[in-house]
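Okay, so here's the structure we're looking at.
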Amino acid sequence: TIADTTHWPPTFGFGKLATTQELATLDIDIRPDGQGLPAGSGTVTAGKAIYASKCAACHGKTGVEGPNNRLVETAAERTENYKTKEKTIGNYWPYATTLFDYIRRAMPFNAPGSLTNDEVYALTAFLLHANNIIAPDAKINAQTLPQIIMPARQYFVTDDRKGGPEVR
Amino acid sequence: TIADTTHWPPTFGFGKLATTQELATLDIDIRPDGQGLPAGSGTVTAGKAIYASKCAACHGKTGVEGPNNRLVETAAERTENYKTKEKTIGNYWPYATTLFDYIRRAMPFNAPGSLTNDEVYALTAFLLHANNIIAPDAKINAQTLPQIIMPARQYFVTDDRKGGPEVR
Amino acid sequence: AVVLVQTAIGKTVQAAIPEGAFIHDDPTKKPGPLPSLLGSRSQFEKPVRLPSDTSSRTPLQDLYSTLTPADLHYERHHAGVPTINPEAYELYIHGLVEKSMKFTLADLKRFPAFSRICFLECSGNYRSKADGKITPQGIAGLTSQSEWTGVMLSTLFREVGVKPKATWFLAEGSDAAVMTRSIPVAKGWHDAMIAYAQNGEAIRPEQGYPARLFLPGWEGNTSVKWLRRLELSDAPFMTREETSKYTEPIKDGKIRQFSFDMDARSIITFPAYPVQLEKGWIEIRGIAWSGRGKISKVEVSTDAGKTWQVARLQEPVLDKAHTYFRHLWQWNGNETEIMSRALDETGYRQPTMSQLLAARGESTGGYHLNPITTWLVKQDGQVLNKPDR
Amino acid sequence: AVVLVQTAIGKTVQAAIPEGAFIHDDPTKKPGPLPSLLGSRSQFEKPVRLPSDTSSRTPLQDLYSTLTPADLHYERHHAGVPTINPEAYELYIHGLVEKSMKFTLADLKRFPAFSRICFLECSGNYRSKADGKITPQGIAGLTSQSEWTGVMLSTLFREVGVKPKATWFLAEGSDAAVMTRSIPVAKGWHDAMIAYAQNGEAIRPEQGYPARLFLPGWEGNTSVKWLRRLELSDAPFMTREETSKYTEPIKDGKIRQFSFDMDARSIITFPAYPVQLEKGWIEIRGIAWSGRGKISKVEVSTDAGKTWQVARLQEPVLDKAHTYFRHLWQWNGNETEIMSRALDETGYRQPTMSQLLAARGESTGGYHLNPITTWLVKQDGQVLNKPDR
């Protein structure tokens, strides 16, 4: 560490304690183990409707067409190696919880933070189904979402490079 | 020196030779030995008139009143130690050539570089006389100006401090 | 040296300053504007960033050294630049800590402060163009350098009492993307800063005003801007930016994640497209940097990689900082290729694109590409970027 | 951590982001402006210089480290800021040289370049106010720091062939004062630069655009701006600025001339007037510099000079550069005086005003005053400058 803290007081006393209420407001992240997931739930059918009205304009009718990021892998693509195709939730997302977290915090792009938790569950269900990951009648909630094993999970490895002559 | 020039070519070949004409245009400085002084001359009387029309508005009717820099020392002040009085040509200028150089390059403040050489000689004569340095009928030119010994010349010493603990 | 002439009205005029010099715009003939509250660039200088929808690139070819003027610092954000009132600003730290706390901007500034000059670089900092008509700004303009000042994160970790079992923390921004990244706690203790100043003054809005995380040497996205919250945890959060984005396919069908360090890189910024080169002595100039420490050496080739010479490095060479290099070259007018490669103190040497792809596989995606940049110098003096493969 | 509530229409709303957060100016709820050509300051930050008719002072108390943003660099000029077209710019070098030459701006940029971070300071950089209501900017704002880039003057001396008997050179500007100073040739060979860039970009108009002389560590006036001509000579020219101005009365009725080096100095910039101080831990901060080399130490006293502690210096400590110092202090609410003093590598220690006047005599004029600045901390937290005598 860069600072020499030897002569520092144990505490400077700046800042205030954060209240539980303040943290409840801000602490919106979802962990892969499901920590942070709210009550509520959503279905593929409900998600399909919301998707059509709030998302399709940017991500395409079926999540394939754009103009913005491709979200869905087509049936034809499913047989190919992931490297040869465009990144989608189906082939490049290692955790289903990330989908809930990201949609809730950042989408729709023009009105982030405007969705209800049930809407986010439903959209998550719809997109997971569209990528052939869950069944058409699956119901997604705080218990079921973290259980889902994503197809791309197996590919992810942590960078272990530490410098040195080897190019990796 | 900071650059390591060991492997440098003897010349880079950038830039052009300056012509004599170009240098004649720019080389307007005057040295204490008179180098750089142009032909021409001026008298106290001529200078007084030019001063009244082009300088007095800023330096005062007699060079004492301002509002801008005081140029002239009053007769009363002449007996005092220079340290106790305001700086003037009479008590703080070590070389008369500097006066010609500075007036020509920088005055009048609102129209620098607009004076003829004769005007500058005349103004120099007037201000030297006003400070009791030359006689009222003195004529100033390239030969006489460098000869003038200024009262403040004797006070000037070159800084010889080189750092170290002593405060000087 | 002063020439005198007689005018019609018989006056000696000061020919030392000739006719031409009396024209209205001779700066020696008229006092200029007085001292002012704030300066601005000369009307003759108009350096600008190169903006796209998602980023804006620093004009590397227009800069003369390693500091980036703040208004030319590259931008990359995921939902635009938020406007944050510094009076309302608060940074929360919670999770695996003894005391969950919040700090106002004034609080942050009261803690012992620290400054360092460091580069910042987006890990997506690589572009090419088939016709070679691309500037250093286009190729590698998503890196800039500033002097950053703030409080060391370790100081705040001490203040809240980070628990020993905390191994990762989430950093969250208050932009419309509510940007989040998971960072190992070790980086937080080591050299992470909460920066509130840049080049002496308050951080600029595009760089995270009023306060951001700053992680020396790490991919820019991890230095979360407009920082509002840090949550200490025992595992990474697997946010979208560290899974769907900022990861890269490597060999054996794998995807590399948490690739934080920026690999050593360099680029010649002069001569470079669109410069028209003249024969004779040329000082080749550029910048080199490494996220893993100091630049130990920059090598320059002026014969398409056949031989390499050691360039001069501008002192002081700082840790995780753009380092300016210069190398004298006499161009005889023949077509050639010039290139630079950086070496860092870990012994790493900047590779070619072929070496990178050989090591990582062909479909490597757009992140962490640091190949040697080659400039093709044509006989007519045109300088073009040579496509990397 | 997320609280759920049922709305009238039966929907689960995301209470995690409460009512307040939905207001129009919640930055997380609406994308911000896209990337742009040029950045600008946050609307909440308005640092400015303090202008008079002849100068404009850097807001030292608003800066967080040693670099001065170019638009806040101090100004001092004698006839306003000239506008110079870089295409028309030429630098002449003549006099005692083998070849009298002129160089365009493009020529200057083709020579091997050099960069360094250095302070610049006007030798008239001292003010006080009887009521103590004066900021660091008011007291010592005629100093700033930049990274300067240009060609070493020694490189140009080589090119024109300076003759051995040349001992001085005249530097002349193209402002309306046609500013001139005589400089020893030795300084030209040693570390003088012709600078054309400042903080990475072209020099700003107030700092001499498009090119200036830059003499590290020397009084600002000698670093002639808007440089148009250098004349090599065997004697100084005794210009008005080195006789009537920029000289100072010393003891024995003498006037000291050619006092080039800026003596070591420091000033506490926080806490300083008009800060209202709060009890508790305070990081005392400031800058120290010396025209004679590196700062070796800064000592801080928080008990009116009775005892002195060694402050932390921000690394890297550079030659002839502002060096940031920081010192932790716990203020118990009693009235006291705080002050700093700089030591440089020659062994010089910044004096008090009394020591200066004892050494130079009472009527020392306004140049080269570098006394210790004392801040009076009143019980109510008011911080006032203590008049120096």
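We call the chains A, B, C and D, going by the order they appear; numbering starts again at 1 in every chain.
Throughout what follows, a contact is a pair of C-beta atoms (placed from the backbone, for glycine too) under 8 Å apart; a residue touches a chain by one contact, two chains touch by 3 or more.
Quick caveat: nothing in here was measured; it's all calculated off a predicted structure.
A count of C-beta contacts for the chain pairs B-C and B-D puts B-D on top. Compared with chain D, the chain whose C-alpha mean position is the greatest distance off is A.
With centres taken as mean Cα positions, chain D sits 49 Å from chain A. One finds 25 Å separating the Cα centroids of chain C and chain D.
In whole angstrom, the spacing between the mean C-alpha positions of chain B and chain D is 30.
Multi-chain contact residues of chain A (touching two or more other chains) are listed as 8, 12, 14, 23, 27-28, 105, 109, 112-113. Shared interface positions of chain C, defined as residues touching 2 or more other chains, are 28-31, 79, 110-112, 114, 176, 178, 281, 328. Residues 4, 7-9, 12-14, 23-25, 27-28, 36, 38-40, 104-105, 109-118, 120 of chain B touch chain C in their complex.
On the chain C side of its complex with chain B, the touching residues are 1-4, 11-14, 16-18, 21-22, 26, 28-31, 280-281, 312, 328, 330.
Those residues of chain D lying in contact with chain B across their complex are 78-79, 92-94, 99-104, 107, 110-112, 114, 152, 154-155, 158-159, 170, 172, 176-178, 180, 189-191, 228-229, 231, 233, 235, 237-240, 243-244, 247, 249-250, 253-261, 292-293, 344, 346-349, 351, 355-356, 359-361, 363. For chain D in complex with chain C, the residues that touch the partner chain are 25, 27-45, 47-49, 51-56, 62-73, 75-77, 79-87, 110-115, 147, 149, 174-176, 178, 196-197, 199-202, 204-206, 209-210, 226, 281-283, 285, 314, 316, 318, 324, 326, 328. Note for the complex: chain A touches chain C at residues 1-3, 5, 8, 11-12, 14-18, 22-23, 26-33, 81-84, 87, 89, 92-95, 97-98, 101-102, 105-106, 109, 112-113, 152, 155-159, 161-165, 167-168.
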